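Note sheet for the following structure.
Note that the chains take the letters A, B and C in the order they are written out, and that residue 1 is the start of every chain.
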Amino acid sequence: MSTERVNPPGLCPPAGFSHAVVASGSRLLFLAGQTALDADGEVVGDTLPEQFERALANLLTALRAAGGTPADLARVTVYTTDVAAYRAHARELGRTWRALAGRDYPAMAVVQIVRLWDERATVELDGFAVLP
Amino acid sequence: MSTERVNPPGLCPPAGFSHAVVASGSRLLFLAGQTALDADGEVVGDTLPEQFERALANLLTALRAAGGTPADLARVTVYTTDVAAYRAHARELGRTWRALAGRDYPAMAVVQIVRLWDERATVELDGFAVLP
Amino acid sequence: MSTERVNPPGLCPPAGFSHAVVASGSRLLFLAGQTALDADGEVVGDTLPEQFERALANLLTALRAAGGTPADLARVTVYTTDVAAYRAHARELGRTWRALAGRDYPAMAVVQIVRLWDERATVELDGFAVLP
């Protein structure tokens, strides 16, 4: 398997994501959206950074259970109910990402939606990985 | 081709979806978003369950036309204008899913958006499948 | 590599997209969401058609930098803050698409979300491509 991150000069330099990820591998991993649910289905955390950390940890739990590592993540979509808060906490969210998932950033999109499955959930992450 | 559904113990037990799906196959199928349109482009159904059934049927029509079966579905995203109604009808939607697509659930995400292409549409499904 | 676009008779005839795209190739390309940012991170364009053109151009810049061509695009999701405006400008957006990306349409979904990363951004496109 090989994974290449592509960030061409014509685009705004990316911070915390890659503009494109090319991956060749024999297996494709599809990850369901994860919010900050604990194992009993309760939302953990009141603030966006707390929920982000748990949601990302959940995504990585699914990734690892399927045999992948964070460097295999090729695409992540972030659905949040509050992009303004996400931006206000961007440094902290970046630290959390690097602590849990490292610096091999996937291609990403962040969009503000109306609500998630749980009314208390403020952020959900889903993704794709390519496994060796 | 092989498809494995992964639901690790650390995550909330899934109902009607898989936390992760690993698939290896030679062909990847990308499915456009489907709402409850009939062949003439008119939205069919007034209630969310009616529209869900038609939208899912349309998704499966595209899937089958491309040579796939419901078990090949690896990822589905549900965009709806009303998650509260979706949850209120969850049992009925689950029955519809199993009747049309079986029990080999894809990795999923359900998000509430502002509106879909057709103002009357309340639910849209898109997806990815891996074909043998 | 081979790419097949599938538009079965049971579905509403597509205009400007494909209902399904089947692709076999050795490399998968994951494209981050692109809005109408210039290289300095400023949103370019006041109208939706202007922003759409720049966002699509950015997506194609990332695609080409990764070694792909528009015909390799298998899936595009359009997130917009105004589907009504998108529909009102559909002909113009279609012309822009064909001028920049040709007529080998990917599978698509268009959804109206609350907001994008930049408050001034009205449209974002992300996607997947399969490369030879």
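We take it that contacts are C-beta pairs under 8 Å (C-beta built on N, C-alpha and C of every residue); 3 or more make two chains touch, one makes a residue touch a chain.
Since the model is a prediction, treat every value here as computed from it, not as a measurement.
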item: Turning angle required so that chain A lies on chain B, C-alpha fit (0 to 180°, nearest 5); value: 120
item: Same-site or different-site touching of chain B by its copy chain C, using the half cut; value: different
item: Separation of mean Cα positions, chain C and chain B [Å, integer]; value: 21
item: Shared interface positions of chain B, touching two or more other chains; value: 28, 77, 113-114, 128
item: Residues of chain C defined as touching chain B within the complex; value: 4, 6-12, 14, 17-24, 28, 74-75, 77, 81, 83, 87, 106-114, 128, 130
item: Chain C-facing residues of chain B, complex; value: 26-34, 37-41, 58, 61-67, 77, 79, 113-117, 124, 126, 128, 131
